[in-house]
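As written, the chain order gives the labels A, B, C, D, E, F, G, H, I and J, with residue 1 at the start of each chain.
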């Protein structure tokens, strides 16, 4: 099932620079592993913001929450999730 | 270039039913032609709403505005456009 | 899967009273059939508003959208959907 | 009487990790005791957020405020409460 | 139990003047009967607006919703309800 | 003259606990003295929030501002003030 | 006592042009009479909007509400009122 | 002096098509005359919306309000005006 | 030219008390000097808030920005500026 | 292609004054170099705020994001980007 997700990142200015760099690096690895698995098929940067729009393709709500709450940057993010249904005009719809 | 677009449709309740049906049918044809051309690669229904999230892939701002303002339902829509850049974690990025 | 849904009803003041009464009656029957099927396990009135909070338990996003867009009052409603995951403190969670 | 409650948790990043772990553990125990008593019949995680939707079933406003203000995480929460009435379409209504 | 209620009245400009006058008159009578019964102990006009803040003192949520949804102007109102608990600094609290 | 006031309290998490306890105690005494004087006839706790709705009955705007800005918790509060007029349906109105 | 008032005018597009012209003319006369009386000492047009910021100087809340609700355009306005106190830096303050 | 202006156009769906076409044509002529005079140096379409961002260069507030309120589409627009000062990093600043 | 300005002051709780007192004293002196010069003809306290509504009468946008950005409390303020035009109903208008 | 950008700067009060001064100086140099290159043709100060409206003229979304995320003050800014199309009334349009 598909979900539309917006993530806005707000890392505190006083976070230790090494902790910050390590967390950002782990975030990237975590995201890329999920992209390779097919569960995170799209991620786009919102121009001018430390934010992204993403599409997730997972089995159910619990799996999505487990993935999102496991993001290394989760504690510093505002996340909003929108469930997506097939659009009747979609040429790829059955 | 990629753009994220949200469209919310609000057709007036007193619109003539035939005009309405005709406009919705033309909207579908218009959308599917653009999907086939590759300019409108994704369209998803937002669950529970007469709304969609879409991704457009067009040459520039003027082409996107020409496409959106030509939507048969344009007069009844609220549209918001967000330009998308490549995300540094995207495994498909160069 | 569980979804939290808020519905706000705004029937136009100039709607024909018979159409209105018929639509509201069909809405009630439609809702009760879904409640009996187990797909709409909870519906509560928000005090002082022509609105409800509901819980739906359906197979996937497409089924939920089909149900919601089929509501006889759908054209007169604002609907917002929130996917629900198991809470780690829930005593009924596995 | 039934109340719909949304809780959004924002624990300060610089809270002592032990204090944090202890508070979260006490929150869970506190919640589960109330669930077992029947006063907190539903708790759901909002997907992607450190938030929940809950239903409380208590005697009156004062009891609900006593319960909510006694939450170990209360100081770090935004809470909004909505009183719920019986919905006329509810098949379980008298 | 006490509830804080805000009511904002928006009567459509094209409502028949006699219907309007009759509805407003019935609203006043309805309100005053409830004031005399003790269920609607306070009603104040918000300066400059066709709105009021009110305090209701009723048995439970269902009674309040029955009262509010029975207001002759209900169809033309936006209403928001807030449950009130005893304040620990209230000199009249037990 | 009557004023409707909403107060939302946000005490910083890192405030010295003794300062906090002392300030809260002084706030209570200050409020109760004003209640006894008749200038603060109503104070209600908003269920689930560290907030109150209050009614003040004072001579003029300057007196109200002097009272509110003198609250021991003033620096930690968001306050919004609404002037109240007599409602034409009020059974106690002249 | 001084009040800060913002008025936003929204006259329905289908209002009879003569009714409109007559109402606007009466509004102007009503306003100018109050300006001459000293009760409406300032009125400024907000650039680009059919709106104004005004200062009223009246005896009390009831007088202000009587004045505002008597505006010929009252039914077509959104009005918000803010009570003003003496500023401690005001060189004209006692 | 420079002003930043956003205009959002909402023409009622039931406006007579000839009136609409005539008004839009007069709007274009009015705008172009002001552009040629140097008072309206920039006008950009907001992609996907019936809206524009514009820059005006006029003598004072009264002139800007006279220009904006004289727009043939003024009755159907929401307009917001922001005064602009010289930016200290502007390479064209004195 | 006239401008309507709202200022909301938020001094950080951990600011050194002497710095705070000194800054507030300089703010008062700065404001009063501008009031005496005629450039800041009105300043009113918003009841219950650490905020003011002010009217400025200056030569142009640059002068206003220079004045506002020079306020000793500028770094701790949210400021919003609205340009004011002559109102057609103003009895003092030419 | 043209983009409308709003930047709001919020530098933390406890930032080291030398770091702050250095960052602001680098911001100015960075901006002026881009202005000279023609990629940042307009920058205006919003009166009364530590904010600007800017127009960028760059090749594509990725270039704009690279420029904006490279701003020395980027970590302390809220930025919102709007793509601009040619306006049909623009006298300079083809």
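Structural remarks
In the analysis below, contacts are C-beta pairs under 8 Å (C-beta built on N, C-alpha and C of every residue); 3 or more make two chains touch, one makes a residue touch a chain.
Listed by chain with UniProt protein names: A, B, C, D, E, F, G, H, I, J = Muconolactone Delta-isomerase.
Just so it is clear, the model here is predicted, and its values are computed rather than measured.
Of all residue numbers that take part in the contact between chain B and chain C, under half occur on both sides, making this a different-residue interface. Matching C-D against the pairs in B-C, A-D or H-J identifies H-J as its interface repeat (over half of contact pairs the same by residue number). If each chain is reduced to the centroid of its CA atoms, chain D and chain F end up 27 Å from each other. Work out the mean CA point of chain C and of chain I, and you get 50 Å between them. Touching two or more other chains at once are residues 2-3, 45, 47, 61, 64-65, 81-86 of chain D. Interchain contacts (touch definition given at top) occur between A-B, A-C, A-D, A-J, B-C, B-H, B-J, C-D, C-E, D-E, D-F, E-F, E-G, F-G, F-I, G-H, G-I, H-I, H-J, I-J. Across the complex, chain E is touched by residues 2, 4, 27-28, 31-32, 35-36, 43-47, 52-53, 82-91 of chain F. Taken in their complex, chain E has these residues touching chain G: 13, 45, 47-50.
Interface residues of chain D facing chain F in the complex, by the touch rule stated above, are 3, 5, 12, 15, 61, 64-65, 68-69, 75-76, 79-81. The touching residues of chain C, counted against chain A in their complex, run 1-3, 60-62, 64-65, 81-86.
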